[in-house]
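Shared between the two complexes below is chain A, which has chain B as its partner in the first and chain C in the second.
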Partner chain A sequence: MSATIVIVDDEPDLLDLLKLILTEKTDHQVVTTTNPQEAVDWCREYHADLLISDLRMPEMEGIELLKIIKEIDPYLPLIIITAYGTIGSAVEAMRHGAFDYITKPFRKEHILMTIAKALRWRQEHLPA
Partner chain B sequence: MKLLNLFRRKKPSAAAAGEEFFKKKYQSFKNLLEANNAALEVMSHMEATQEGDYVFDLQFIRASAESILEKVQTIVQELNTLGDNRYAELVKVYQNIAAKIQNETEAAPPSLSVPLVLPLSQVDRRFLLQVGGKNANLGEIKNRLQLPTPEGFVLTNEAYRLVLAENRLTEPLASLVKELDIDNIEQLTEKSQILREMLLPAKIPQRLVEEVNQQYGQLVAALNYEPYLALRSSGLYEDLESSFAGQFLTVLNVPFDRFFPSYLEVLASQFTPTALVYLSQKRLLQRQLAMSVGCLAMVPARSSGVMFTADPTGSRGDVLVIDAAWGLGPAVVDGTLTPDHYVLSKQPALDLLEQQISRKPRRWIAADRGIAEEAVPLEEGSQPALTRDELLTLGRYALQLEEYFGSPQDIEFSVDLQGRIILLQSRPLTLLTPRATGILPPHLEERHPVLLDHGTVACFGVAAGPVFMVDHQADLSHFPDGAILVARHTTARYGAVLHKAAGMVIDIGSATSHLAILAREFKLPALVDTGKATQVLRPGQEITVDANQIRVYDGRLEEILQAPVAKTSLLAETPIYARLRRVLRWITPLRLTDPKLANFTPAACQTLHDITRFAHQMAVTEMFELGEQARQGEVHMVQLQTNIPLNLYIIDLGGGIRADHRGRFVSPEDITSIPLRALWRGISHPEISWAGPIPIDMRGLYSVVSRSLTAAAPQHADFWARTLAIVSENYLNYSSRLGYHFATIDALVSDVRNDNYLSFRFKGGAADESRRGRRARFLGEVLTRLDLEVDITGDLVVARLWKYPRPLLEEKLDLLGRLMGCARQRDMVMADESTVEWYIQAFLEGNYRFAGEPGSVANPDQG
Partner chain C sequence: MPRLGSPKLYLIVSSVTIIVLTGAFVLGLMSANKMRDIISEQFNQQQLTIAQGVASDIVDKFTFLENELHTLNLSPSVQYLEVSWPNRLQITMASVRKFGTIEIGLIEARRQKIYRLNAEGHDLVATAKVSEIECLQWASDRTKQNKFFLKRVGADFPSPSLERPYLLIGLPTYQVSVDQSHPVASGEFVGCLYFLVDPSRLTTMYCQDIRSGQTGYAWVIDQQGNFLYHPDEGFIGKSAFEVREQRDPKISFAEINRIQKEKMLTGREGYSWYWSGWHRGVVKKMKKFIGYAPIPLQGDNTRLIWSVAVVAPQTEVEGAIHGVYVRQFLLQGVVILIILLGGGVIIYYESRWAAALEQEVQRKTAALKQSTEELAKSEKLYKSLVESAEDVIINVDCEGKIISINRYGVKLFGYTPQGVIGKSIYEFFPGRAGRDIHHHIDEVFATHSGRRATLQMLLGGKEYYFNLNLTPIRENHEIMSVLIIAHDITSSKKMEEQLYHTEKLASLGQLAAGVAHEINNPLAIILGFTDMLLEKAEADSQQYKILKTIERQGNNCKKIVENLMTFARTPEKVQYHTDINRNVAMVMEIVQNTLLTKKIKYHLQLAEGLPLVRGDAAQLQQVFLNLVTNAVKAMPQGGQLTITTGLNPTGDRVRIIFADTGEGIKKDHLHKIYDPFFTTRKVGEGTGLGLSVSYGILAKFGGTIECLSRTREEAGDQSGTTFTITLPVASPTDQELKTEDTYVSQDFDH
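For the complex of A and B:
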């Protein structure tokens, strides 16, 4: 199954790595940006199956992004990327409806597994 | 009784001060150990990350490096507290390494303040988002590597956005791009034309004009002439997406009065039909269309070329490939002529392996306000475009760039009219890497029995070869190429042969041990803590070590060996991985392995790991010397009440004696120090006799008499007759001097295995040199068989053990206690070499009374 995954993180290096993994290991379409607002715009205009977002970004906090995204598409799963010290906020994000969180640094198998789970969840929950 | 008298004369406050002094030293030692373990743990984590399976960012590198730096700083401070500032030099070494690490982990500039124009002298990868990959790399080459590059400045992505915004082009361009149908070539060409026509007549914002004028003015001032410029595109995603190469425009030899029209042409080049297809396929965001442009002073090139730091076809090994032609760069890359082709070896030394010199009839030159093609004189056209010296210089630059950026590079360069090489670009070269199948063939274990299936992975991988068993005293010079190193311990000295070994299997040791770290550096498939490799495996036996599955098989398993294992993944070739490796250069390599070498000094420490190794070794030495200091200090002691004539005095640093104990005497049951309790079990073993004379032959007796006549009498003979133990709950420093020999033990025994160690020294004796030497060999051999690492110099025996689990260390201390009792005065009965082996066997068989010992005679009267 090929899905469209939007990734937002203010660290371009991390975007590069994620994009490389997903291009190498999956058929998913990957859209990356360092600007959360652009991710929101993209999700409004196009079809996205999954959003992966950093928790702390200068322009917009991950939780705020989550709230906006849930208004656009309540069945769009969001995976939060978090640093070790901010796990508390990631748990908070899950209370607000984030699908899962993953702590940096993480193994590529870990993110691939989490992505697969999130996409399955979307398939199961998306209204026919 | 002089020592006790001395104590009695001292005031109680002095005793308390002495105790305080010890507590302070011991606390420093403990702090140092804790910091050491914590630093090694983070180092291991960083090392594992660089293997290529992880996703991380600069923040991770910075946080990890800062954490290690903080711990190593503690180590250096505590070592100086322990050693009364004798290691002040280490502070400077630390600061020097810290500065290099901090230089690599500098924070990115705030993304909110983006300038329109940046001088190249200020550009590096921190500005990746503003200047794109190509310009960022050129900035790194200029400012970090300080290799020759042109002078110039960079128009950032922000300049592009400003041009679009002020000309109200942002939305129209975005919607045109969005509506692209890449399958409709006709429509694509039409839209491409529309997009270009929208952009080319754009008005340049006044702010941008002013900033560019200012930068060009500075360039003129720096060069002392008005240079023409080369305008080179730098897209944000060019770095990783090599298919962008050649899509975007480079305009050469632009006079400054034509600057902005040329700039717009470069910007418009991202709307060529091919580039649009690419953008569309990659579904790049509008923001990512932005382009930065590098504006470089033209290099009037005699020759130009491209250089690959690897053979991109993958068919040849470790080579550099260089193509070059006369004049400016386009001659090489536009395919209109065959350039010279050079192949250089990278190893063992840079050298020219082969060259194919082509006839190059034409060249591009800088002409008035642009470039022009001209004919090359016939004779010149057939000459090599590069000299041998130039090729070797290029080769050196190439190796530097490859190492710095962390992956094979594709490099563009020019050679100016004076023969100076100027680097113009460096970007990753895409190579295919083979992948492991990871599938085990069926019925494998029937054909190849599993010999070991337990252990800890020190380094992943699969290797096969003959077993080469080594021990502490093995002559490593005979270690054969391609053998599997099998040993009882992770002794760092084996590091000397890891480059020859194909794999490694160790009985006891942790993945954080120095040898395990070295194995990872050598990418040597390695298992540690297998428990019984030295028992199960036979020297010369052909085995296959599969560290991925934690299996050692009998025989050579071609099936799993043939699966090519990619040592690095594509992830490992990204800039962030290269940055991690650059940081790790100053952290993890371990060069200081042997404390016996003359270069085991602070000045020889080149990495944080070296510092931890040096400091750990010195801290143990300092703790050893604490025993000596105790004798001169005024400390409160208790005496052990026992029938064994040892006169054992104990200084408790905390937790070593039962808390509710009062008074000057303690019984063995009052000892709560784990290592002393274990040692005492051995000393007080019912089969060990500490009292009375041992049987001795007449020559042995004569040897004692003659030594007594020639050797200087020990000073303060009554003092030396005492045994001193400095203890805490987990620590023991034990010094005993009985007659002519002394023995010291320094041990830390706790539930934290990485902290644990045992160090034993034994020297001297009453008999002559050869007999003392025999006893030393007896002790050494027994200790070796008890798994300690042993060094014997004359009659000095030094034995050590690290990172053993608590129960095993307690057992060793128990045996050490028995051994010391058995070794008492045995130098005098060891009449010849053959007796040494007898005593070894007797001890190992538990014959502690040495019944029937070969040198004995009936009842000689010698104490």
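For the complex of A and C:
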């Protein structure tokens, strides 16, 4: 089953890496952007099954993005990727409704497993 | 000196008062006697004045009699013996009778008759051998005309009235006057006209009323020393030299006799005193004052000297003297009373003052005693403080010789007190420390002010830090010595260094956290792409090897960043408590094979019944693992590792000691071992974060870590390193928290 995954990170190289992993390892459609607002607009105008977001971005914090997305689509899972020294902030994101978090650097198997788990959750919670 | 209020003082004061009063009394007596003498003299002077007055009156009356005689002598009735001669004499007799004239007469030379008129007025003409009469003989000399004849006459004078000596005043009579019957004066010698005067009557007239004082009286003696007048009529006409002794032979009248003889009968005036046996009705021996004056009766044939005396007993002046005495003694009494009262008041108040003073002295003495005791206590306390102080307290003179030193100082220097006193302080502070302290002591003596300094020195191979406080000890503004208090700040200095180290590590932790974030991003990208490429590369290809190297180094970076993040991790809000012995055992279980292969024997000396400590089991195990790893690295040829646990002496911390017999850590490296990335291992063998991470973990849970190490060069076979960890015993609050024992999650690749 093909899903649409939106990825937002202020680091373009990381976006390229994630896009490469997902396109090569899965058949999901991948939309990447460095601008959190673009990600919000995308989610609002188009269909998205999963949102992967960096925790810290210059234009918008991941937590804020999470709050906005949850208003648009409460069942849209969001995976936080953090490179920060502690996991406290990632845990805080999960309290606000993030599905899971991945710390940098990550192994591709780990992220693929987490994405699969999120999409399964999405499937289970979508209204019929 | 006798104190006020004491009996001795009272005795002295009383004695002095008695002496003063006695002196005042004697002086008073002397003054009274002097006063009595003065009054007596003044009294006698008054008596003299009275005597002079009496004498003057008698002389005046004698002169009056001479004048009357001269007037009568000029009468023709007398010169020519006319029939009326008796009448003429009657006239004169009337005026001179009262002055003692008992007879007026004319001794007629030619007829050898005496014409006389007595005091009663009877005239008589008697025939007598007038030529034998001395006064006629004298008067017949023509040269004696108008000159007076004067003589004391008695029985030798032919007069019926001569019961006792009389005074005859004569004047030659010549017929020089004229009257109707005798118009021409013949100038012939007639005879001698005379007054016969009773001296007693004359003197009685003036003396009988004389009073000197209350009872004093006057008496008169003639030129022979016979009384002419005396209040005691039995004395009149008798010799003044004899009649007194006849009256009272027991009394010596030498004094009055001398006065009469040498003074009165020689015509002198004056005053004196003498002893007498009576005075008026009083008969007893008494002292009498006498004032005397001469009564000179001048005739042309002779000069008669009578003398009048005014006498009074001493008792006459005693009244006045008594009055003076009374006034004087009253005055003295008042003065003495005032003195006594004043003295009494003074003594009373002085006694009170002395009592108050004594109380004050006693109070001050008690206060002094108390302050002395307090001083002694204070000195004892001071000595105790000095002796028990854990500071070196030394007193040195200007040459740096030790005057005194406390027990702690002696112990520190490893000497006996006797071995230190008198020695130079510089012997005990070797090298630069000695030079520094020498400089400070000199400065104190030079500037007269205290100094503070920090001194670093080696004692017994151990490094010490001292805070020096140098205080000048002055005596009379001169500095006699310097008190040096050296406070051992080695511990605090090390704590300070540790704190500095901790702060440094905390800053490094924050830095590391930031670095970790920044590295993780590119690292994720590098490792991610590498992983993707590896999947596509041939396993034996050069490209694959390169990608593998990139992956390995990337993972090294990842590990470093993970360690950095562990090191930098802030204290968790929730703390756990864990069993140290169990954690040690778990770690040893993991490493025992490694130790075996490295020929390292290990000994566990784990105290039983240790309380739980505050901390996370996994992290503490990581710490223990780091230390064991380091020990293993330090013993490449094998050795011995001893792990000991137990409570510290105060019981509030658990102590874990890791002691190896390895190569040891050089002194230069000891203070750097907790710094991140500090390592003495080859590149790739160690990250230099093990001890930093361990330090961070322990600090997070309130723990400490200390390292003692001796290298092979220093200790030979005794080399080795000992890490001592302490962790606080978990509090009851901690005990309620969930215990979480986990296992070491990291790989142990030794």
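Following the convention adopted for this analysis, the second predicted complex is superposed on the first by the 126 of 128 C-alpha atoms of A that agree within 3 Å, B and C clash if a C-alpha of one lies under 4 Å from a C-alpha of the other, contacts with A are read in each partner's own complex, and residues count from 1 in each chain.
The rule is short, and it goes like this: a contact is a pair of C-beta atoms (placed from the backbone, for glycine too) under 8 Å apart; a residue touches a chain by one contact, two chains touch by 3 or more.
Quick caveat, the model's predicted, so the values are computed rather than measured.
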{"item": "Which of chain B and chain C A:Arg107 touches, first, second, both or neither", "value": "both"}
{"item": "Contacts of A:Pro58 with chain B and chain C, given as first, second, both or neither", "value": "first"}
{"item": "Partner chain(s) touched by A:Glu124 [first = chain B, second = chain C, both, neither]", "value": "neither"}
{"item": "Touched partner set for A:Glu38, first chain B, second chain C, both or neither", "value": "first"}
{"item": "Contacts of A:Gln29 with chain B and chain C, given as first, second, both or neither", "value": "first"}
{"item": "Touch count on chain A, higher of chain B and chain C", "value": "B"}
{"item": "Doubly contacted chain A residues - partners chain C and chain B", "value": "11, 13-14, 17-18, 20-21, 24, 83-84, 104-108"}
{"item": "Chain B to chain A touching residues, read off their complex", "value": "49, 53-60, 63, 110-112, 128-129, 178, 239-240, 283-288, 570-571, 574-576, 579"}
{"item": "In the complex with chain A, residue positions of chain C that touch it", "value": "512-514, 516-518, 520-529, 531-532, 554, 558, 564-565, 568-570"}
{"item": "Chain A residues touching chain C - in the complex, by the definition given at the top", "value": "11, 13-14, 17-18, 20-21, 24, 83-86, 103-108"}
{"item": "Residues of chain A defined as touching chain B within the complex", "value": "4, 9-14, 16-21, 24, 29-35, 38, 42, 45, 58, 83-84, 104-109, 111"}
